[in-house]
Amino acid sequence: MKGLTFDVAHLLAGSLVLVSFMQLYQDRLSALINIFAIHALVLGASVAWQAAAQDAPHLYVTALIALVFKAIVIPMALRRIILRLGIHREIENVVGIGLTMLVGIGLVALSMVVMLRVTAEADPLAREDLAFALSVVLLGLLMMVTRRNAVSQIIGFMSLENGLVLAATGAKGMPLVVEISVAFSVLIAFIVIGIFLFRIRERFDTVDVRALDRFRGERR
Amino acid sequence: MTFDALDAILLIPLCAAALLAVLPDYRVTAILNVLTALLTFLTSVSLFFVHPTSGDYLLVDDLNKVFIVLTTFVAFTTSVFSASYISHEIEIGRLTSNSVRFYHAMYQVLMFAMNLALVANNIGLMWVAIEIATLTTVLMVGIYRTHEALEAAWKYFILGSVGIALALFGTILVYMAARPIIGEGLEAMVWTVLVQHAAKFDPALLNLAFVFLLLGYGTKVGLAPLHAWLPDAHAEGPTPISAVLSGLLLNVALYALLRFKMLLALNPVAIAPGPLMVIMGLISCVFAAFMLYRRRDIKRMFAYSSIEHMGIIVFAFGMGGPLANFAGLLHMTMHSLTKSAIFFAVGHIAQVKGTQKIADLGGLTVTHPVLGWGLVLGVVAIAGAPPLGIFMSEFLVVTSTFARQPWLATALAFGILVAFGGLFLRLGSIAFGEPRGPTGSVHASYVPMFAHFAIVFMAGIHLPPALVAGFENVAKLLG
Amino acid sequence: MALIRDAVLQGLQMLLVLLLSPLLTGFVRKVKARLLRRQGPPLLQPYRDLARLMRKDVVIAESASWLFRVVPYLVFAATWVAAALVPTFGSGLLFSWTADLIALIALLGSARFFLALAGLDVGTSFGGIGTSREVMIASLAEPAMLMIVFTLALIAGSTQLSSMSAFMNSPEVGLRVSLGLGLMALIIVGIAENARVPVDNPATHLELTMVHEAMVLEYSGRHLALIELSTFLKLLLYVSLIGCLFAPWGITAAVTEPKHLLTGLLAYLTKLAAGGLLLAVFETSIAKMRVFRVPELLGAALMLALLATLLRFVSGSF
Amino acid sequence: MIATLLAGIAALLALSLIAVVLSRSTHCTRVVYGGSLLITALQCFAAASTLIGISAASSSAVLPLGLPWLGAHFRLDALSAFFLVVINLGGAAASLFALGYGRHEAFPQRVLPFYPAYLAGMNLVVLANDAFSFLVAWEFMSLTSWALVISHHEDRENLRAGFVYLLMASFGTLALLLGFGVLAGTGGDYAFDVMRTARPSAGVSALVLVLALIGAGSKAGVVPLHAWLPLAHPAAPSHVSALMSGVMTKVAIYGFIRIVFELLGPPAWWWSMPVLAVGGATAAMGVLYALLQSDLKRVLAYSTIENIGIIFAALGLALAFKAFNMNVIAALAFTAALLHVFNHSLMKNLLFCGAGAVHASTGERDMEKLGGLIHRMPKTAFIFLIGAMAISALPPLNGFVSEWLTFQAILLSPQLPSWGLKLLVPAVGALLALSAALAGACFVRIFGIAFLGRPRTSAARNAHETDATSLAAIYLLGALCLIAGILPGAFIDALAPSAQLAVGSRMPVQTSVEWLSIVPIAESRSSYNGLLVFVFMGLTGALAAFAIHRLASDKLRRSAAWDCGYPDPSPLTQYTASSLSQPIRRVFGTLVFQAREAGEMPPPGATRPARLTVTVRDPVWDTFYAPISGFVEYATERLNVLQFLTIRRYLTLVFMALVLLLLVLAIWP
């Protein structure tokens, strides 16, 4: 039984990394959003599995949040945004897909190396989980820095945060997990609302020198 | 549970925030704000006399006592300054009474969050508190709703969130490291417990955790290259918030960093956290020093000087040892007081001149002697000139380092010198030279500013033995 | 008794230099004239000139200040005191230790200082020319002179003229490189300081070539007489300086009996004559040089003296 | 004794507070300057009494100030007593002068609060007995003087001068701070008493020597760290300039002596070489700079640099002799240095006050616009002449005595067994000789152009004699110059304890020598008697005058100037400052400053005037300062880009930092 739990958790966590890679691969926003929904779905599944495995019922709440909020609400909201902003078939990579993937692989390798230095008596489940979680986090960050469009950056951030939740739930018996995931959902809600409010189309990136000259007068 | 001072410093701001959110008149709310801050301050002072028991969630020890008292005090003086500042903003219509109500509520929430972060005995709780603080400050930075303000708020928000996320990951890792030793559940996140067992934690996990915490909380401290949010947030938000950010929020993040440093220091096998902090501190100090030169916006300039000083402080704590730690604590205190005082002055200056562009300021000592000389005094203090407090701490940092690591000390001295040049270069055109801009009189509250200067001056001349004892004690704790 | 005798001797020396100095200048002029196959002025002409100038009224410019009138006396006093301190017939006189060689140079320096100021006082362009050239020459001649003093002092182990001449008289001073260098430098400096050819021409009033004469251009009557006299004194001083340092024969350390005095005087007079003769021959055999060549000459002197000093520093045997 | 001195300092600080309070009142000027005159005079007497041994030789005190576990240590010993005399004598004279001169001040409230504080700061520096108090006082001194320098900040130049000054000052302070850091060692004990006992290793003490030379040297204005001095000193009000030039540079020298001669223990043979080299270079460069300036106060500032060079050279000699245990000769060199410190403080105070009087009555500092002042301000002219003579090292005034002693020390240095020194010392001697001669030229130039000749502008034509109080101050200084010149023995003896303290020996007693002459080593070797020189010159001069007015005609007619028959009524045909120094510029300037003259002669018939343009480059600025400012420019330019990145780029920074640290962890053993 122990072996099975471990394998399933491992599988789910690994597939989360895989989905992150799929996200990196996508350059169409609408497709990206779909993939993110899947990302959240997998997360929900793995959290639920952890809940079962650690028989920690409160984790189901987290799983529920992941499912409802991240897999359904947010993607819908984002879809509406991109439709309204008319950027749903935007292609916007800073660096080419291939390179991004390459870097992503490097990151995963790095996180493995760093994690496997952890002595084995910290139980393997946590250890493997953490390795995956770390790579998800790094991939999310990578996404944020390689995408020019606000929406895809948010998605990057959210997958980063998925990695966090994965880690948190993987950490057996960690208190406050629910609170933390809630807090993060609030954070994300803020971001999405922010985009809504300020019509931030490419706000992340329109902070260019001309704008600064006009607004800041900091330039010589 | 029994209600004591510890809960009080959390509950007072919280209740006040709720109250302020509903009260309409901004004059009343301003006064209420001041009173609340005063009350919180008095309560925090009482911590020295009544010794509350630290539970699983809250703790009070010598380390955070210092921070709490400093925070509540500066919060109080800032609220006094904020009262006069806000009234002027209302008059010129930059703020509506609604937004002011929101502002005051947020102010108290911020106080609550910072106090919570300081007294939290639980690394998760501390993280939550710091996140709340971040969100509130984001909202307050954006309060003017101008393009620049929103812009700055947004930048702050995004970078802050990422930092927060990294910090959370670090926190989780710490828990993971602690769990095998302490066992599952709340225990494994409680400071007091962690500290006892830190020696047995898995070093690799601790190292990893510290990297994430350094970057996560380092973002809030404003260390280069994670500093990007800081200058704009300072420049575009209302000045009281700039004062609070520089004077308090950075310290709170620093406090978190220190806690984890202590944790790592207790583990013999883990990497020494010192070198990392020293390097980042040095980079921040020198980098910010150079950034001072081409600033056009007075508030942004002082924001960069905050980065520089945070760099010095982190450097000092990174060096470690009783002397350097003492210097770091002293420098942190002095910097909070001085920098917030400078922002008080700058706030009034910006109000009376109607601009915060350095190019449009000039001859302040002629047109507004009190403000002008106040600013000069502040810059002299912040540049580390005697007989003011920062000179003492910089003296201790540099000399104590030079005996151990001459090149590091030389680099630090270089940074300090460059910053000195940058500050005085600008000061010359702001405070002296031919007057520029409107010369109308200003109805300002000079009390907070000069109160701070008085304390800084006294500290530079003579540190009260009690304070010294306290600091030395804390310095020992920090190892 | 001894004190009185010393005082008398000291006074005698002062009078001696004062009285002999015009004669020396006259002698030099005479010899120069003869070398040029001219009759030349009589030997005592300088005395006559002085007397005539004394009798004439003084005419000074409206723009002249009190300083202009005081300077001649100061210059005269400084030069006379300096000249009186150089051993002539006997060394170790009563006040010989009042000022050593360095102080003596400085005394001459103060004389020059005042003269230069006088050149500027009236506010004429010629005075300016004189002063500006004079200070330029001085700025090189003085360090050269000091370096020479260093050399000699290092050889003699003293800056005290009496003991220096005594040492030079003593057998242990042989022929030394540094001495030779010092002597050459000293001669160049002396020529420059006394405004002789080739640095300056005491006999000309060709405005653009003159230095010393341009400074004193505005002086007349008794003032001019004093300045002339101090010029004579300065020449005498340098000749007797060279005499007492490089040809110290006949200078008695302690003048106690008349015969010492007599021998000393005779030796001194012969030295003066020789010096004057050599100077005249030198001046007639060389042409005046352009003002801006002068620094090179003096620079050479400075370098020679510095070299001498260095040699002395490096080893006592040079 | 120390208690009274500290009380005096406290009184000065209180006075500056009073100045803030009274800033509106009209009596403020009189109160402040009168008060500081009184206090500094008392301080001066107190210090002098210890110096000549009336009261206890050395006393110390500890106040519960400054560093908590250290406290503020203060100590009064012979050295600090001597420098206290210098400081407070200068302070008293300047305050007296300011009682009159201060009335011309347009914005007294910008000067008065800082003036007493500045005096207090200088007093504190020489009393401080631990590194922290020393540096606090040192930097406080710099700050207050900075405030005084920029007191006329409506002029942008002054602001710039103040900026450069403050930057260099804090640079020096940091150098000293590092030096003390080394001396204190890991123990972190900053009390001088501990440092005295500690014997640092060779490398450490070498480092400290260099840092002290940089730190104290930058304040004293040694080349190449002098750049701020000629900017800052003239910018301040004249009585403050007098203090900065005459006194504060001496405080810097005190710092150097205290650290290198006392705290650092027995010197190594090579220590003297950098000091000597710097001293010689400073002396020569300073006076050459001075000869190229036409701003009266700037010339004086540069001449300060020259004299600082002389002092450092003498100190270098003292170090050399001390290193080889020739303590008696070391004492000679050291005494020469201290005596020059004292003399220069007198002369420079005098000259700056004189310049201030001229500025007050004509509103001009540019010599080219002055002239003929001796007619309009005879009293000032006379005493200024005395000062000029003194600083040109002419007997029988005081400047000559100290230079004479220095030369005597040089003449004794062949005994030094080190070859490097054998070659260096004569070169330095030549440089000193050169600078002495050039200084004479420089002051002929100042006095001749500014005071003699015919007035060049209406401002000079309508000048009026300055007020009695100012004159009193200047004449007091002049009298002291004369006394120190004709009775040097007494002053040399007063310096004996300081020499004893610093080099462990002293010069032979001078006051007992017959006829009051001074004899450094032995009478057969060298001696000088200022008194007799003075008397003789007086007598002979008087005799000549008497004889002439008896025998010769004493008639006197005034008429137009002769001027070789072409007298020109226009005063513009006079020699100007720049034309007067043209020959010297040609001789030295082409070498040192790459001075180039370009003459432009209009073609025949053209009516426009011919032009002569002179270009002078400052080698020091070109080699040291321009690159640094260029580097800062470049660095700020490059780094400033980081202010304008997009959020994504900022995130990239964070990301890279994270990856970097993770890599570090990955490769961590």
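All chains are identified by letter, namely A, B, C and D, in their written order; residue positions are counted from 1 within each chain.
Keep this in mind: contacts are C-beta pairs under 8 Å (C-beta built on N, C-alpha and C of every residue); 3 or more make two chains touch, one makes a residue touch a chain.
No experiment lies behind these values; they were computed from the predicted model shown.
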Problem set entry | Chain whose mean Cα position lies farthest from chain B | C
Problem set entry | B-D or C-D, whichever has more C-beta pairs in contact | C-D
Exercise. Taking each chain's centre as its mean C-alpha position, how far apart are chain B and chain D in Å?
Worked result: 44
For this session: Measure off the straight-line distance from the CA centroid of chain C to the CA centroid of chain D, and report it in whole Å.
Result: 35
Seminar exercise, completed: Per the C-alpha means, the centres of chain A and chain B lie apart by a whole-Å value of 31
Problem set entry | Distance between the centres, which are taken as Cα means, of chain C and chain A, whole angstrom | 99
Exercise. Which residues belonging to chain C are in contact with no fewer than two other chains?
Worked result: none
For this session: List, in ascending order, every residue of chain B touching at least 2 other chains.
Result: 154-155, 158, 162, 204, 208, 294
Seminar exercise, completed: chain D touches at least 2 other chains through residues 643, 645, 647, 651, 654, 658, 662, 665
Problem set entry | Chain pairs in mutual contact under the definition given at the outset | A-B, A-D, B-D, C-D
Problem set entry | Complex interface listing, chain B residues touching chain D | 154-155, 158-159, 162-163, 166, 204, 207-208, 211-212, 214-215, 219, 225-226, 228-229, 231, 271, 276, 287, 290-291, 293-294, 323, 365, 380, 383, 385-387, 391-392, 395-396, 398-404, 406, 409-410, 413, 416-418, 420-421, 424-425, 428-429, 432-434, 460-463, 465, 468
Problem set entry | Interfacial residue positions of chain B with respect to chain A in the complex | 122, 124-125, 127-128, 131, 135, 147-148, 150-151, 154-155, 157-158, 161-162, 164-165, 168-169, 172-173, 175-177, 179-180, 184-186, 188-189, 202, 204-205, 208, 294-297, 300, 357
Seminar exercise, completed: Within the complex, chain D is touched by chain C residues 54-67, 73-74, 76-78, 80-81, 84, 95, 97-100, 102-103, 106-107, 109-110, 112-113, 116-117, 119-129, 131-133, 135-136, 138-143, 146-147, 150, 153-154, 157-160, 163, 205, 207, 217-218, 220-222, 225-226, 291-292, 295, 302, 306, 309-310, 312-314, 316
Problem set entry | Of chain A, residues touching chain B in the complex | 114-115, 117-119, 121-123, 126, 130, 133-134, 137, 141, 144, 153, 157, 160-161, 163-164, 167-168, 171-176, 179-180, 183-184, 187, 190-191, 194, 198, 200, 203-204, 207, 215-220
For this session: Over in the complex, which chain D residues touch chain A? Could you list them?
Result: 643-648, 651-652, 654-655, 658-659, 662-663, 665-666
